[in-house]
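Heads up, the next two complexes both have chain A, just with different partners, chain B and then chain C.
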Partner chain A sequence: MQVLANIIFLSSFYVSFAVGLALVFGVMRTINFAHGEFYMLGGYALWLLSGVLSNTIPDGATFIVAMLVGAGVVGILGMLVQLTLFERLKEQPFSIFMATLGLSYVLQVVVVKTIGPMGRSVPAIFPGFIMFEGAILPIQRIVVLGFTALMMAGLWYFLMRTDLGRAVRATAQNKTGAMLQGISMGKIALTTMFVGSALAAISGTLMGSVLMIGPFMGAEALWRAFIIIIVGGIGSLSGTVVAALLFGLIDTLMTTFGAGKFAAMVDAIIMLLVLSFMPNGLLGSRE
Partner chain B sequence: MNVSKLMGRIIPSVVGAAALLVASTAMDNKQASAAETLDVGAIQPLAGDCAQWGIPIVRGMQYWADQLNADGGLLAGDGKRYKINLKTYDNVCYIPGEELKAGRKAILDDNIKFMLQTFTPGSRQAIAQMTTDNHVLTTSYGAGYLSKDHPYLNGGITGSPAAYMLIASRAIDANPDVKRVAIITSDQSFGLAAKAYFEAGVAAHPEVEIVYNESYAPDATKDMLGLLTPLMASKPDMVCQLGWVPAQYASAIETMEQMGFKGVHCAEGFTFPMILERVPAEQLAGRTYFGYAFEASEPTFSAKGHELYKWYVEEYGVEEWSPYTPIGYASMMTLEAGIRMSPSIDSKVVMETLYAADVVDHPLFGPSKWGGEEIYGANHHLLTPLPIYNLDADGNVVLDHVVDHAAWWEKHKDVALPRIDAGGQVFR
Partner chain C sequence: MTILQFITSTPKRFVYALIGTIIATPLLVALPHALTSYWQSVLVIFALNTIMVMGYRVITTMGGWSFSHVATAGLGAYTTAILMTLETPWSFWATLFLGAGISGLFALIIAYPVLRTRHYYFFLSTFAAGEALRQAYIQFKGITGGSFGISFIPRPEGFWGIDFNTTTGFYYLVLAIALIIWLLLYRFDLSRVGRTIKAVAANEELSESIGINTWGHRTLPFVLGSVIAGFAGALSANFNGAINPLDFGSILMFKLVAAAIVGGVSTFFGPILGLLYLTALEEIFRAFAEWVPLLWGASVIAVLMIWSGGLEMAVLKLLALLRPILFNRAKNSSAKNIG
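Then we have the complex of A and B:
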């Protein structure tokens, strides 16, 4: 039971982090290498607001405020990246790669210089745990799992039930067709970058409450997210969820049975196999 | 931290960066014209997650240099004073190939003759030949890898990995109820060294068994719950751990405590400000054994060393305090002792003077003898006493015990050495 719980917790982390990256790539066919740093900023939003708001509002409220503030600020930062980098460098994928890589370094250094290189942790917001069928389930993890589910539900509602979301999906499916329908590409790009970046920040806040917060936490998580979105099928949100569950399962089982040190290698081999035999990923559609 | 304080850091940091650029250019020009300057190199991780180790170590070294420079420079055995000019080089995360690149830059390009590097065996081996060929006296916060063929490498203090052996042994001595020990370390070169030495420390207690002994890939530590589930299933009384960056220790300890662990934690160092945000001090009191060089936040072991802590907290804030800061500081003092004794500033002469001394009067640890013959084939490891610390119920670090490294080794080497050998850490 504990192993099952661990699989669910780890998969939820993979989902929350990778889904924003998958959304941005799916719609804009652009990889944002600063996505990890957007995630990191979400973590620092929690740390900062935990200090500023301590003893003024309940800890649970601080957690929600941090998610909202982090998502808002980082979402706007994402829009700025769209306007200043992606828009100006469109059709130049290598330049976008270099520019966002550079941005990721800049954001890391800004945090190191202003806050410090040492990681931070925040006090347990929802301390304690519950026992279920012999498994230990930390309440903080359960809360994070719940918010991840809420985040995914919100994204689903946005994409499936709102006009703007439908326009985003239409653009992802067929850009030319969407343009012929009068959809503004500029507006969709801004919306996608806001949502994708905000999702990264929310993920950072959620995981920052459980794991460490540090200037380089995003860079570390990013490569795993790449594997997940490639295996899931680049641009496919459902594929991302399936791949996150798959790697949550594999990584947890390997760790449980003492082979955790080989997890990175095994994950990479799985990615290579999927690319070899299913070039569009598990649920990706042919370009 | 409040917002105004943070903004107060952001704005000066931007201005400071520009000023630093101008100042460093000016400083380089000035130092170029100064006759009595001694360049000292530091190879450490300066970016990425491992910078959480490297930057505090370099800050400790900078404090050491600043203190000497404030006194007019290091008074060498040749009667001259030398201002210390610290130069830093990035090894990414103690990766041997990166150590080699950094070593080339320091030694071949910048002509560094005195240097500090990691104890990580793979990294030490990577530049061993270069230090020998170019006569670069290279110390470390521990031994890791030494060789009679590479006499310019030395272990400046007991440090890593020997400290792991002494901490594990001390924690068992102090807790006779400990019968089952779990060891978990990273699978990097330094983690594998730690594993062997933790085993060696446990081997000194035949009544104690190792019930879990695994390495993990640092990339697989996103979720401590998954990583620690099999460890906790082994029902240990004591967990010896190494390889996590400071905030991960907090996460690991919190997870273990949530999983019902009531035993002893042992490690090279704990960053308590982070840990105590997650776990109450009264819960951990008397259960956390650690020691590396010395813990400067604890005032009784060394008043001089405690000054480092006061400076650091004033300069960077208490949240930035790291148990790794003192190790660079303490290790440089071994070089300092050698330069003070040596009739010449020539690195070869300094090295020979240091090894010729039966006893090195270390400015922090006092008289200490060279050792390491059985492990490294050469007595190039300065066996300084190791203070071991614990936590009290008020959240203060307290001195638990000071281990005489040389005496411990003499008593237990027959059982400890085979474990170190089995772990691939004997380099005779």
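Then we have the complex of A and C:
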């Protein structure tokens, strides 16, 4: 039971981190390397606001405010990146990729110089745990899981039930076709970058409440997100979710059986094997 | 092809490069004597990184930008470190070549999956593979010493009166290996195989349709570049005397990628120019070392956004301007020969 709970907790983190990356790739056909840093900024939003707002409003409210503020600020940052880097380097996905790689180092240094290189942690907002069928479930983790589910439901609603979301999906499926239907590419690109970056920030705020917040937390999480989106099939949201569940399962089981330190290598080997036999990933479509 | 044929078929540009190298060698040999011991170390590290970027450029000629290059170089370094610190230590030369060979073997193994991917996809898969390799350096404590790494790695025995335990002496060793690699790689770059690799990178389907083995021409540069990274890694282990997994982390990898972008990769000297620029930046802002990655990142963004082509294009344009003046030739007939 404990193992099952751990699998769900870990998978939900992988999903929340990788889904923004997959969304941006699906629409923009490029990888935002600074995604990890956007996630890190979301974590710092929680740390800063819990310092500023402590003793004024309840901790639970701070948590929600941090999520909204982090998502808003980072979302706008994502839009700025779209307007400057992506717009300028249009049709050169590789250059965009390299430029966001440069940006990720710029953001890391800015955070190290303004806040400091040490890791920070936020006191538990929802302390305590509940026992269920012999498993220890920290309430904080359950809250994080709940918000992740809420975030995914929100994303699903946006993509499936709103006109703007439908336009985003249409662009991901067929750019020329979407343009012929009168969809504004600039608007879609801005929307996608806002949503993708905001997802990263929300993920950062959620995980910041359970993990250590530090300038390099994004860089550390990023490479596993790469493995997840490659195995899931780049650009496929459902593939990303499936791969996140798969790796959540594998990593948790390896930790349970005392081989956790080899999880990273096993994940990479799985990725190489998937690439060998299914170069487009589990659910990816042929480019 | 016999050796004679190989020599007679040597392109003119290679002959010029050879003459240039022979002229430049005394200057490069004299250089450390004009420097303080700090700058001598900078020079050795620059020479080691030059070997790294030369290997990296070979990989980029096939159109893929690997992110596992530095981790692969680590295999060379760990091979040397492990075998030279045994109770009965191996000879330096044996570990140097064995280390480079192991780096190449690793590249050959991962080539099968990762070369199925292209562009940024290739970047991501090599990034993940390189990270996994670096994790292996941390986790297999019994062999690699874990996060602490391996220390007390000896330097090779000197010969011809050169003591490799001095910075200058070791610089000569690195310089000799760098010059040999540079000449071999430049010759390779101009060879038929080298040109075919670029053709495959430019249009894989067309190349395949005229009977070129595209798989082989993508695997070869990937493996060759990794072998050269292995040499650089092994030498760096000897130079520093100690290695740990952080030495093969993403910051050095970013430096190489940034060098290739800032300098450009269409010419042989581009990435080396880029490396020179980044090293200069690093040394100028030595007192503010934490800001250096920001400056590198900003340089990469600036080059991509406003100065596509990088430093090599600036040099090529300058050469194109100078050539008619120097050789008193018509401008349009000479412009073609550049690059």
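Throughout what follows, the second predicted complex is superposed on the first by the 287 of 287 C-alpha atoms of A that agree within 3 Å, B and C clash if a C-alpha of one lies under 4 Å from a C-alpha of the other, contacts with A are read in each partner's own complex, and residues count from 1 in each chain.
Heads up, the rule we're going with is that contacts are C-beta pairs under 8 Å (C-beta built on N, C-alpha and C of every residue); 3 or more make two chains touch, one makes a residue touch a chain.
Please read these numbers as outputs of a predicted model, since none were measured by experiment.
Once both complexes are superposed on chain A, the partners chain B and chain C clash. In the superposition on chain A, contact of A:F262 is made with both chain B and chain C. When the two complexes are overlaid on their common chain A, residue A:L48 makes contact with chain B while staying clear of chain C.
By the touch criterion defined above, A:S276 reaches chain C but does not reach chain B.
Once chain A of one complex is fitted onto chain A of the other, the partner contacts of A:F9 are limited to chain B, with no touch recorded for chain C. Ranking chain B and chain C by residues of chain A touched puts B first. By the touch criterion defined above, A:A124 reaches chain B but does not reach chain C.
Residue contacts after overlaying the shared chain place A:L85 against chain C, while chain B stays out of touching range. Legend: residue contacts after superposition of the two complexes on their common chain; A:A219 is shown touching both chain B and chain C. Using the contact criterion defined above for the overlaid structures, shared-chain residue A:G116 touches chain B, although it does not reach chain C. When both complexes are overlaid on chain A, the residue A:P58 reaches neither chain B nor chain C.
Between chain B and chain C, the overlap after aligning on chain A sits in one stretch of 93-101, 165-173, 237-245 or 255-263, namely 93-101. On chain A, the patch touched by chain B and the patch touched by chain C overlap at residues 108, 110, 112-113, 219, 261-262, 264.
Within the complex, the chain A residues that touch chain B are 2-3, 5-6, 9-10, 13, 48, 51-52, 108, 110, 112-124, 129, 136, 138, 141, 210-217, 219-221, 224, 251-252, 254-258, 260-264.
Interface residues of chain A facing chain C in the complex, by the touch rule stated above, are 30-31, 85, 88-89, 93-95, 97-99, 101-106, 108-110, 112-113, 219, 223, 226-227, 229-230, 234, 261-262, 264-265, 267-269, 271-273, 275-276, 279.
Those residues of chain C that touch chain A in the shared complex are 65, 110, 112-114, 116-117, 119-121, 123-125, 127-129, 131-132, 135-136, 139, 250, 254, 257-258, 261, 290-291, 293-294, 296-301, 304-305, 308.
Of all residues in chain B, those touching chain A in their complex are 1-3, 6, 9-10, 13, 17, 47-49, 51-52, 55-56, 187, 214-217, 219-220, 222-227, 229-230, 245-248, 250-251, 254-255, 258-260, 271, 274, 277-278, 316-317, 319-320, 322.
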